[in-house]
Structure formats: structure tokens, C-alpha cells
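Below, chain A partners chain B and then partners chain C, in two separate complexes.
Presenting the complex of A and B:
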């Protein structure tokens, strides 16, 4: 058998060639940015952008006037309201086309005078903006410090922010909320800054006079109206090439460039993206070249998802998504879901395949958290109380549940899914009826527990904040990750111990283990119980990290999320390792977190990331089912 | 004396067997009666609502039977058939097709779509034999993702649609599609509506006449004849002569055409079992190994069973939506599999055995509970939401119990067999 086919070689060679071409173009573009030609072109674009902005105002004016005239004509003729609108749009469009045509070129323009005036204005602006930035930064620091002090005072007086309580929270919304915006309304410029601002006026007037000479249609009051937009065009300062180019281009300034010039400028603008694309193509080529080896070592689904992950990274780079913020989110989500995914591990190892009924453990964790909230416990005490009570509740539930599963060998996954679903809906009734009395927990009107519970004043984010630090803009929730890894370590140590070994053996080959004297049924019960207990702890960790606890239908799909994570990590329904949990959770949550941001950047509509979650999560479970060798389980 | 004792024991055994088979049904019946009393609603009100729900749901529930007989458990992937039907309905509204023609067009679009999806579902389920129930459930979830993708990002953007099914400024197909405008609403129901009592007399008369003829021709057992004849006479007499029952059914009308379709489907389910294909379904359902040895292409037969079921479920969804009058584009299909599966199990079907009667009885009982559970919850706990959660719990719980009992029995039978062999 040949190791690689010719077509494989050809495709990877082609991809490498494309990558090389892209990289070369990118490198050339980067180099060209500093060149004389590029800066000349930028200057031309700037002048043209100034002209376009000024003439744009005239065109707008003309169109408005044409529409007004059309309306009057229509009224005189006694047309209906609809017809008038149609007529206005028609006349407006005609006037626009004519005006655009008229201001395509500027005949009586003193190019040199304009360049000089713009140059002057820019240097004035530069001085002004440099100082303004400095002063604003100082103000922002002060403002943030004040805000923190205010929050501390509020927390001390026991008042909680009402807005957080009443607003519905989704995970996507949470991420945006982590960045606070500085309110500049209280900013007062210093005397020096005011002086510089006043100094702008003569330079601006000089430039405007040149414009007015070239565009006789400019009306006098436009001098003031156009000021902000014209200042924005000139901007000043030494902003980077890309920003400057985009600023001018957004005002239609590419029109001044022709043929090769325009192409070169675009290559220079996109140089960074070209290089990112080149890297993507190299990875793609390598994947094609090493396809078989990769498929063997990773398995098809993990290969596809890893590639998808890389694709998302490339797209994130293309869309200029904030990389440190992204990594922070992925770390946070990995820790948040990690323990839940770990709950799948002992189930698979003990031979009950995917424990979709881990929701029974989740319910135990929710009850213990509710008790802690009911008693108004706070801080670490409440966290450990919830964990311990959750474990104590989960053990008997797990034992009974394990006994049930022992009588259902071969269909555990099917049955456990529906047992989990029924348990969740049974407890939806229980949440309505259980005697919790703390007004923080119950609906203001009527009876029953609320759907979302703010963990802020008990143990919300207590793990996340523990030893948390920022490095290179990445926020590392140390405590959360440590807790997750600690759980993984404990599980790993357990599988190395004597009973753990017996459990894994019973799961891997029940007949052989039974013959060797292992009590297979007992081992399955142990595995199920551990799985249930970890699920209870997992939902507590999840709630504290998310900041909210969700009742009712909240936990229904958790089993699916956990199952997808461990399967993406490389587990099958009958074989799994701790490493599968860690890799899988990271990959799955990474794809989701990145996917949300890339999807939001690519198309301004929600929903795509949710669709992606559904497809990936259920697709991987389906794949695992097809690989489980149905016949043998008949 | 001994003979009599033996007979007594036989009856006792039969009763015990019957109880074991239909324990879920009896518990459900008791629960439903209790809830009807607790709800405090008038019987007339309950009855007319129940008739509406039967009209909507019977067809879909009946579409589950063939895969069960073919040994594939409950085909929760009928949600995909429902999705195909919703594509058809959406297009019918988009093209402004009116009334019966519109529904016919929707059904016509559903047929190839659902058949193709059924082929895919069947092929995939063949790769996970023994796990079809969970496999089809997750397949339904997966398809829901693809459906959202199609309706949110492909329809209206890649495939242009008219303003009838889209909203300006929002992406994709509108959240709710109204069937009232195009006259699709109740287009099947309205074809021929007859008061319930008249309908009952006619049907009873037909059944009575048919059973007498068949009995006289010696094509029907005496027992069956007595049951059929007495049931039809007693029901007619109840409606005709007991005023309470008379007012209960009073204003309710029956959409004859829909029930004709349901009847046709029942007939189809019976007739197909007498064909060679039906025999193959049964053989594959009983034992794949034996069927394979007998030269049956097991995989092919299973794919056909799923294809038929998916198409029928799609048509069932059209009947459902035309009765409801609005199509919730993104959620109308979600509960189809759950409620239909729970219904047929409530009727006493199991994962490898199901009949028309079980499907009809099950739908009746399940939806009776559905109608009254909110009010019963209000009476019991002072909270209507409890009843709402209770019916979801019942749906999941019934399926969980049926799955547990089925697996339990199968495992016990296997254990018995292996001890016998040893």
C-alpha cells in the first residue's frame, strides 16, 4: 500500500504554493507601508477624503432640495401621499446622480494650497490629540478608582445593584459586561489643552477657505457644520497605516488612486491578514500531507474539530478580535464546564457508557446550593457547605441509580437519558412546592423558587477570584482551574488505586473481570455513584463561576454538554481517560467561545453560535454511537 | 370440579398477564379520571378540546407503529419528518397557495423531502443497532440545528422568499407564520364536519352491520363479534338516551375528512403487515439474525420502515398545523417525537410491539391528561404551573418507565436463556 497518493501530494504542494504567494505578498505589503510611494498615496487620499467630505455635504443638500421641490410639485398637482413619496425618491435619485457626476473631479482646485493647509491643520491636531489622550488617560484612572471605592462602599452597606438582579443574563452577555466603560462626561480640559483647541481654529479656517475657493457651492454656515467631520478626516497624530487607510477609505478616497497604485495600497492595507491566511494555508497543507497519520492518532471527529478550531483562530485574527480577551474567555469556560465533563469519566470507565442521567447528581448539587442560599451563608463557608452537602445527597441517589442501571445492561444510555429528563421535570414540580422561604429565592408573587439565582452575595466567583491574576491582558481564574485540575488529579489517583483498577477492568471487559473475581455489578455501582457525586460538585462549580444558578429546565441539557466534551477529547462510549476530559473541554469550549465572537463579527445576527453548538454537540454524540458497534450490544 | 378450577386459574393467569402488559395504561386511566374530577371543568368543554387534540395528533402517533414492529423502537426522529412538512408549509404560504391546494402542495413537497431524510436516518440507525431510540432522539436534536441554520441563514438570504414569510429587518423566516390568511387554516377539517352524535350512530351502524355479516360468514370469532357489537350499541345508546352524556358530546363536531385519513392509515398499517414487506418487517423485528439467515436484506428493510414512518409523520404534522392555524417556525417540531412516543406507550405499546388500537387509546388518554392537568394542578397546589410541569414529567416518565420495563424483561429473558443453556 502506498503511503500517500499522488493527488494528496499535489494538493498539499499547491496549498503550500498558495501560502508562499500569500506570505510573499503580505511581506511585500508590510515593507511597502513604510515606503515613499505609500505615504505619498496616503497624503493624496487624505486630501481627496477632505474634498469628498466637503462635497458630500453639498450633494446631500442638493438632494434634499430636489426632494423638497418634488414634494411641492406633487402637492400642487394634488397627488396622493404614496405617489408623492415615489416622486420624491425619484427626483432625489436623479439629483444625487447629477451631483455625484459634478463633484467627481475638482477643476478649480489649488492642490498645493490644500496640501499645505491640511498639513498645517494636522500638525495642530497632533499636538492637541497627544495632550488630550494623556489628560483623558489620567482622568480614566481617577474615575475607575472612584468607581471601585463607590462599589466597595455599596457592598459594605449591603445594598446590591438592582440592575443585575432584574436583567435576564445569558453567557454571551456576561462576557461583554466584564469590560467597564469610562464615563467621560465629567472630564474638564486643562488650560493648556483649551489653548491648543483654540489654536485649531485658524488652521481649520485656512483649510476651509481653500475648500470654499474650490467649491463655490459651499454655504457659509457649512463652515461650522462640517468642522467635526473634517477634523475627523484629518485626525492627525501618527496613527498606524491601517487605521489611517481605513479612515480615508471610508470616505470614498480610494477613487483618487488608479490601477496598480490602488492594488498596491490594498495589498499594503491587508498585509497582516495575508500573512495570517498564509499560516492557515500552511496548516491546511500539512494536514493534507499528514492526513493518514493524523486521522489515526486523533480520530476523524477530533481532527475535524481541531481543524475547525484552527480555522476559527485564523478568522478571529482576520476580524481583529481581541486575542487576550478571547483566551481569558476560553480559560474561564474550560474551568466552568470542566468538572461537569469529568463526571462522565467514571461512568464510561465503569462500563455504563455515557451517563446522561448525571442530571440526578446535578439536582443534588442544586439542592445543597439552595440550602446554603436559604440560610444566607456567605463566602468560602457556603461553598464548602454546598459541596459537602451536595456530595452527601448525591451518594445515596447514585447508589440507587447504579442499582437500577445494573438491571438495564446494554441500554444504559437510552434509559439514563430519559431517567435524567424525568428527574429534571419532577424537580421542576419540586422547585414550585419545596418549603424554601428566603425572599431572595422565591417569587415575589405566588409561591415557588425563581428560575435564576444570583450567586453574587453568597459564593459567586469565589473560586474564579482566588489567586486570579492578569498576564499580558489574559485573565487567569487560578482558583477555578486549580480546583478543576485537583478533581482530575483525584480521579486519576483513584483509577491507579486498587478499587479503581478493578472498576476500570470491570468496565473494559466485564466477562474477564468477573472471571478474575471482580464483582462487576458492585464496580458499576461505584462508578455510577462517583459520576453522580462529581456531577453534584460540577454544577456547584459551574454556578459559582457563571455567577447564577439556574433551576427548572436549566440542567436538562447539561449531560449532553458534558458528553460532547469528553467525546471530543477522544473518548469513546466504552473507553476514556482523564486527558480526554481536559483536552475535550478545552477544545469544545474553545470552539464555542471563539465561534460566538467570530460569528458575531462575521454577520451581525445572533443565533449562529447556538446553531453551531447544537450541531457540534449532537453530531459528536451521534458519531460516538455509530462507533459503539451496535450489533454487539443488540 | 378440577376442570372448573383449571379454568379459574386460567382466567386468573390471563388477568395477571393483562395487568402486567397494560399496567401503565391502567395507572394512566385512573390518573386521568382523578384529574378530570379535580380540574372542575365541564365534561362538554373537556370533550370538545379532546376531539381537537385527537384530530391533530392521531395521525402522527400512528406513524410510529411500523418502525416499532420492525424492531427499531420508538422513532423519535419523526421530528425530522415534521421539519420536512414545515418546509413544505412554509413554501406553500410563500407561494400564496390557497386552501386545500396549498396543503396538497405542502404534502407533495413533504413526500420526497421526508423520504430522502428517512433514507438518511435509516442508514445512520443501521450503524447503531440496539441504540435506535437514543440515536433517533439525538438525531432529532442534530437535525434541529440544521433546520435552524436553513431557516435563519439560508432561506431569505441564499434562497429568496416573499414578504409573506419574512420580516423586514430580521434575518431568515419569520418566527410565526399565520395560516389564516391563505385559507390553509382548517382546510382539511372544514371539508366535511358532522356533529359527533350523528357520526357515532353512522359508525356504530356500519360496525354492527359489518360484524354481523362477517360473523354469519364465519370470518369472525364469537368473542370478537360480541365485543364489537356490544361496544357500538352501548356507546350509541349512551349518547342517545342518557342526557348527561348527550350534553357532553352536544356541540362537538367531527372533521370527517381528517378521520378518514386516520382510518386509511390504520388500514394501511394492517394491510401492509399482510404483504411480503410487512412479513419482512415482522421477521426483522423478531430477530435480525434469523431474518438475515432467511435471506432478508435486514438493513434495507429497516431503512424502508423508517422512510415510511418519516413521510407519514410529515403528513401528520401538516394535519396538526392546519388544525392549529399558526406555525411556530422554530419550535413547532420540537415536541412532536416526545408527545407521540409517550402517547403510544401510554396505550400499552412496548418497544417491539404496537397496534392501531394501542396508538388510538394512548393518544386519547395522554391528551385527556394534557387537557386537564393544568386545572388539576391549580386545584391541588393552587398553582397552574405545577400541572404544566406535571404533564412534561408524565411524558418523560412514561417513556422512562417503558424503557426500563422493556430492557428489564429482555435482560431477564436473556439470563433465563443462558442459565438454560448452562
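Presenting the complex of A and C:
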């Protein structure tokens, strides 16, 4: 290995210095949170936030009044509607500026009294909130239990909610739907809680009186209007530093702090983020330092994607995205897509490069699942029935498809892409014509199969739930992952057998294999057939995990997703290993799931999330395909 | 013409990187003579011609040393365009003709005669119309000069192969101001009568004052057609002689030279050969592109090392590839008295034959796989070795493979970091040893070794040859070795077969005179020449 260059050393040293500085600042900030200065500052901020909230209400009131006056003036003058609006805005702005000027400082404020009053209110609030939280949690448990009983009763009576299923559901919508919201409309507070709530009023009144003394413009009816927002300000008193700070800061309370005070508070507030950033910089520095070794052992594409993944993790931490939930999603998606990505492996190994036509196998899996649904099978029996029938269907399809690819050597990727697409289109017709009669499957009016099918009552999530457990908030779909790893193990064992070894050689170098007496064409057919069979199993695993089975255009892009995963894992179009599938699926799905969440957090505009999902997933696919050339020692 | 030489190339030296391919070569051609340029593959003929034509490959690799004089004037030939302007033409070995065009159109391609028309007057001469009549007349004239009677308006695709050569020549002589024509192995694809006709055409062209450089390795044609001959060997000028001052035998000797001082000295045989045939081949025809075998009869004796030599493209490599079933093959073959099914690589391997391919990186190895996997692949596929497990569920046994690979690495002295190192990272010589180890893992009774020393350094060469001799002497393994390097064949083989034009030209003893090898390479038998 060549020596590291000076610039490489300089850059990594610089990055480490930045990381150390960030970490030091973060550590100092964390320590400062507990200090006397910080708690004093927080108290000041709290008082100021209370004042700002009250004065903000006054300012708002004043502005509204000014606008109303302007409107009346305008009407009197007989101005047009547009001119009146302009005039109102003008007057409003002038009034706002004047009011804000007036409430910059609070001169006749009794700071001592306010502090005391706020303190009192806060302790009353915290007693109340603690009890309320306990009672609400108990209520939620009860509500969920009731809900489950209700669902069970519905399922037993055979009533189906058909409406939602006919629409195509995106995976993200699915993820959101799994988090059930508790309906608190039926919550009734206990006597004790009501008593505590009543006890709030004198404390609040006391505080309000202090405020009213300081702010003569506070009109009497504002006492009740301001109550919810003021309570909200005060409530945060005992919560963690960050929450408390954000609570006050969102009401403009940083204004009370000056110079070094403000800066220190900001460092204390951002301490966690600073440490996360420091970790990010350390990883970045290490990457620069070990760049060559990493590039050699991982390969450029995997290095880039891994770095992107780490970047997303850092960003996710900065955006306060729920990390365990994130990991759960990545695990789930890895298991869900893993078997489909594995279907690419035998194709590459047998020398037909990326088997974009794996959709023919997917169709076989869909048919077998439909048969299981048609016969109203449930549970493990239906799952294994689907898998076995799917395999039996996929074998002859794979054999014929393999023969076709042997006739068109040299342009397999184009051929298989078109075979895949045309098979999907052909079956879009077939789904309308096939003789399935179960009313659960067919359109309510007329004949033909519906687009989405709920797997809930057959084998939906049967693997996901098998031996599933939660650890540190991470939900591990044990059965799903085990099944994926079992498939990988079987594939690995096959490549170590005599025919498997011959197949890999036939793919890596057909002339070599031919010279060693291997029937290359036969090996290609075997590889294609295995790929087709795994695709059939893959879609069954995917459907059970997703909870829905999609017909028609649903499977069309599956080939691209699987191809991208294995390419990102480090495979090339002529060489692939089981490890490439596992690493690739994890990275691809990880980047995708994280990327979407981070993008959603970064771009708050509603409706952009779906656009971002498409951009990110297709972006990764595109990047992966540009890497398909790969490097060989040849 | 008062000029003595139309072309002089003096002291030409050319290096590709470190290796010199031409060393102080001189070529002088008189006007109106046929000058033969003779040499084995790799003697430097093509490089010399590339310099003459100013091919980009020469300038991209650092140019050359020496002077080129055309018609007595120093010429700086920087590109093929310049060569053409100076009146140097080339008749290519592969026909550069467009099949869908007529003979006239091919002859006048890019030199069309055109007349102005209405459009071209406005939009420039690019759009002038073709003067078909004038072009046809020119083409007819050129064809008549070449002496072929084909009508000038036939499509080239409808012509017999032999005639395409003449169209090509006609195109060159149609160019105005041609002073020198280079014929690059023009007779390679012609029948004997066509070749005779070509020679007479060359003579008539030369008679009109155009000099001809005739590149060939057919000694008979040199004697028949040429006035003067320049012989190159290993990038050096051997001699320049008038044909009247030399003989066929002398030319053959000059071409081969005394290169074979013996790279290694094999120990003598302890027992004489049994004389039984190990491989018996009759009328073997192999469709290997570029190395066609057109009917070989051959007996390989048990326990011998048989060498197969010959020039590139003559079919020497086709023989092992055909017998091993790698290319479509017809004919008969028997191995140790048993009939060998052809076109079936698996059967050939099962019969105890094994082969080290000449295409090491293409056919010989899985470059991304480890040394041990490469070595054991064939034995695992053919013999089911190196597998462990119950019943039909047998899996590759890493332990057995590693053990065997270590043994072979030690025996053949393969330099590597571990048996798991990918073979793509090994040097050429060590890769070759892995190939040999793979062939040996089958424990063959008959071994084909094709070009075992191609692209490996001299030390590794000796080791590879030593290994072959050792296998032969110790285990009595019958070996057929194909090589482009006669010196190698002559140093370790019991007999050397020279293949020319897809047939056995001669079977010689390693200590036969050089002239005999030279003659055999151009398809002639020494005995017949002596009789004639």
C-alpha cells in the first residue's frame, strides 16, 4: 500500500481537531446544563417568556385594533377594497412597531413578586400534570384493550372493511398506519384531578395580578384568554433542560440574555447535537485517514453509500428522529426485500448478469398466494402452501425463460428487462381473466382481481411476528430475518456443491468452464431457474411482511430495487456473493428509509415527502446501476 | 530513371517501451523491382511497414530512430495520408472493400470523379454529381492493368474471394503517382492458380516501373517472384541478397537462424520409447477462428514429448483445442486405442487428457478466484474429488483443497502469499504454473500444453519447461507441446511437427538443420525441395 499523502494527513488532522473542539464544547455544554448559572438563566428566561406571552397578546390586540380603525377610516373615505387592505396593513405595521417598541422593557415590573408567583403556579401545575399523565395512561390501556376486543368481534362476524384496500397504499402510509392513535374524547378526570385543577386558579390569578400591575394595557377579559398559553409556558418548569429551553425560546425569551450568557446557553442547549456532530467528524476523519484501505476492501460504491448512510444517521440524530423506531424500520425493510435481492444472486453467478426478468418468478409467487387466498387458507399452512406452489410454478417458467436467455446471449440485461415488463403487462390482462371467484379477491362489481389484497386474515406478517421481540425500543422481526438468512444459507450451500461451483465458474468465465467440461448453457438455465424460484418466494415474503399483495403494475419495479441492492452490496454484473446481498439490502433499505425520514424532517412542506421518496429511491437505483460495470482483476 | 533507390530506410531502430523490436534495420528498394521482405512472426516486418506508412501507433509510442528517403529525398512520414501523397500504397491482407458497392465504386472510393451541377454551383463542390462514365473507364483501365477480366460494374460481394485481392490491387494502381506498393501476405487466402496469376500481375506492375515490397513467409513464392530479398530475424537485418545469388535452402536457414542453443538441457531417457501410439488422429479438421486446421494426420507416441510448431495463424494451436473439444471439430481420434468422441470437452477430460490453454487469462483461469479453487476446479467437476458430505449432498471441502493446493504450490514452486490469493494478482509465470497444476490435478495420462511460455520471463520459462520434462521423465506422461518458439521445442521435444496452412508440413528431429525448419514453416518438405 502506498504512503498516505500529506494532504490526506492534513485533512484528517484538521477534521479530528474540529471534532475535538465540537466534543469539548458539547461536554462543557452538558456539564453547564446542571450548573447554577444555567438554572438562574432558565428562571430569568421563564419570567421573560411569561412577560413576552402577555405582552405579545397585547401587541396583537393593539395591531388588530389599529387595523379595525384603519378599515373604518377607509370606508368613510370610500376607498376601494384593495386600497383598504393596503391601508390596514400599513396601519397594522405602524402599530406593531410602536407596540413592540413600548414592550421592549418592562419598567414597573416587580421581578421578585413575579418570580414567586411563577414558582407557585409551576409547583401547582407539576402536581396536576403528574396525576393527569398517570390517569391518561391508564385510560389509554383500557381504550386499546377495548379496541382489540372490538376488532376480534368484527373479524369473527366476518365483517370486512373493504373500502381502504382497493386503493394503492404506499409503504410510508403503511408505516404511519401501524401507530394507532388513542381517542381521548371519552376521558373523564377523577375527583382528585379535578380538585387539583381547581387549585390552579388561585396561583394563576396571583401571577396574573403581578403581570397586570406591570402591564397596564392588559384588559380584564384577557385573564381567561391568556390562561392556556401562560400555563403552557410555566408547565415546562421541571422538564429536561432542552425542552425547557426550547419552550421559552419559542416565545422569544432568549432576548433577556446578553452576550456571553446567551452564547453559553445556546452551547448548553446544543450540547447533544455538538457531540453527535463530533462523532460524525471523527468518522469522516477516519475515512480520510484509512481511505485507501477502505476503498480497497469495500470498493468505491459501498464506501460512498456507507458514508451516506452514516451522514443520514448523524442528520437523523440532529433532527431528533426516533432512533430505535428508525432501526426497527430498517430491519423490517431489510427482511422484506432481502429474499427478492437474493434472487439476483444466482442470475449473476450463472452469467446472465442482472436478472431484471425476475418478475416472471414474482408472478408465480403472486399466483400461488392468490390460490391460497381463494381457498380461504389461514396461518402457517397458507404461507407454506403459497411457497411450495410458488416454487412448483416457478420451476417450469424459469426453465423456459432460461432457454430463451441462452438463445440471446450477450444482451441478457436488455432481454430480461423487456421480458419482465412484458410479463407484467401480460398478467395485467390475465388478472382480469383468471377464474378466481372468492369475493374477497374480485372487484365488487364485475369480474377480475382487485389491485391490493389485504393479507391480514391469511398469512400477513406471520413471519414478522414469529419470535418477534423488542429490545431497547427496537422491534426485531425475528422470523422474517431468520427466513431471509435461511434462504441465504441455502444459496451459499448450493454454491459450494459441485453443480453450484460449476455454475459460478460458468458465470465468471464461460470459456474456462467449457474447457473444464461444464455444460455452460445448462448451468445458465439452472441459475435462471433458481433465480426465478427465489423471486417467487421473495414476493411471498414481501407480501406477508408488507401486509398487502399488489397485482398489476405492483411488481414492475421490483427488479430494479433488487438489482440496486445487490450492486450496492459490492456485486458486479458478473460476480456476486451472498454477503453482497445481505450488506446491499441493509444499506439500500437503510439509506432509503432514513433518507425519507430525514428529508421529511428537513423539508416541512406537506406533500413533498412522496416526491422525496421517489427522488431518493430512484437516485440510489441510478447510482447503483452506474456501478454495475464493477472492477475485475481481469 | 537515374535514381538508384526509390525507397531507403536506413538504420531504423524502434522500441516499444523497454523492448527493442527493430535494431538498426536497413531496407533499400530499387524502382521497378519486386523486393521480398522475409521473416518469422515477430521478426519486425509489420513494425517496419507501420513506420513506412506513418501509422499512429508508431508516433504514440515514442517514434523511431533512423532515416526514411523516398525517391532520394528525406521524407517525414507523419501519417498514412502523407505516405499516400508520397506515392506509397498498401494492398491489405484483410480486404478493405465495401461488399455492397460495385468494383468501380470500390476502386474510386474517396477519389470519385465528379462534375459540377446546379446544386453544387450554389452549395459547393461537395454536392457535385458523380461522373460514372469516367469512373468506369478509369476502373476498367486499372483492372486491365491487373489483368482480370471481371466487369467493372459487378458488386464486390458477388466476386470470388481471390478476385477481391485484384480489385484491391487495381484500386492502388489507379491512384496517380504510385511509386511503391506494399503487398502484405497477398497469397495467404488465394488458391495456387490465383497465386500464380497474382505473381504475374505483380511482375507486370513492376514492369511499369512501380516498386513492390512483397511480404510473405512462403519461400517458394519469394524464389518465383522476387528480384531481391531482405531477411529479418528478431528485429535485426540478417542479409539482403539478389534472388539469383541465393537458394531456397539458404533463405530458410537465414529465416530460422541458430536461436535454439537450448534453454534447458533435458536429461536423457532411461528407457527407449515403446513406439505405441498414444494419440492417433486422422483427417482432423478444426474450425478455430484464425487457427483453422484443415486435415491433420498424426500419431503421438506413448511417453514422448511431441512439439508442434509453425507460424501464427497456420493452425498449430487448433490441434489441441480441437482434440479437447473446445472448437467444432471433424475427423477421427483414438486415445490409447480407444475411440475418442469429438466436440465433447467432458469426454476428452474423462479419457485422461488434460490441457494447459494458450489463452491463460481467457480460458485457463478464473482470475478473481483463489489459487486453490483454480487448481481443484477440474478435478472436482470431472472426478468428484475434494468433496465431502453424505450421499448426494456433497460440499466443497476446504480442508482437502487447501492440502492439495499447498502440495502443488510446493512442487511447482508457485510464488504466492497463500493458497487463497486470487490468481489475477499473480505474475504471468506463476499463473502458468497454476494452469499446469490444474491440468495435473486430474492425474492425466496425456497432456496438451499450448504456448506455455507466452508472456512470461526467461527464468520462469526455464522452470516451466523443466517441470514438463520432469513430469515426462518421472511419470511417463505423454506431452504435446505447442509453441511459437522453435528453440523451446527443439530443446525439450523428441520430435517436432511443423504445421503450415492447417496441415502437417513436416515432422522433424530437434537436431534437423535450420533450413528444414524454415522450409517446413513455409509449407515445404526438405526432401521434396532437394529432389526438385
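Some points to look at:
Just so it is clear, the second predicted complex is superposed on the first by the 590 of 634 C-alpha atoms of A that agree within 3 Å, B and C clash if a C-alpha of one lies under 4 Å from a C-alpha of the other, contacts with A are read in each partner's own complex, and residues count from 1 in each chain.
The rule we apply is simple: a contact is a pair of C-beta atoms (placed from the backbone, for glycine too) under 8 Å apart; a residue touches a chain by one contact, two chains touch by 3 or more.
Predicted model, so just to flag it, every value in this text is computed and none were measured.
In the overlay built on the shared chain, the residue A:96 is in contact with neither chain B nor chain C.
In the superposition on chain A, A:625 contacts chain B only, with no contact to chain C.
Applying the stated contact rule after C-alpha superposition, one finds that A:129 touches neither chain B nor chain C. Contacts of A:229 after superposition: neither chain B nor chain C is touched. When the shared chain is aligned, chain C comes close enough to touch A:516, but chain B does not.
When the two structures are aligned on the shared chain, A:85 is found in touch with neither chain B nor chain C.
In the superposition on chain A, A:404 makes contact with chain B only, while chain C stays out of contact range. Touch criterion met: A:428 reaches chain B, while chain C stays clear of it. Of the two partner chains placed around the shared chain by superposition, chain C is the only one that A:493 touches, whereas chain B remains out of contact. Residue overlap on chain A between the chain B contacts of one complex and the chain C contacts of the other covers 633-634.
Contacts from chain B toward chain A in the complex involve residues 124, 127-131, 133-135, 137-139, 141-142, 144-146, 148-149, 152-153, 171, 288, 381-383, 385-386, 389-390, 392-393, 396-397, 399-400, 403-404, 407-408, 410-411. On the side of chain C, the complex with chain A involves touching residues 324, 326, 345-350, 355, 357, 359, 361-369, 377-378, 380-382, 384, 387, 393-396, 422, 424-425. By the touch criterion stated above, chain A contacts chain C in their complex at residues 493, 496-498, 501-502, 505, 508-509, 511-512, 514-519, 575, 632-634. By the touch criterion stated above, chain A contacts chain B in their complex at residues 404, 407-411, 413-415, 417-419, 421-422, 425-426, 428-429, 432-433, 446-448, 560, 603, 605, 607-608, 610-615, 618-619, 621-622, 625-626, 628, 630-631, 633-634.
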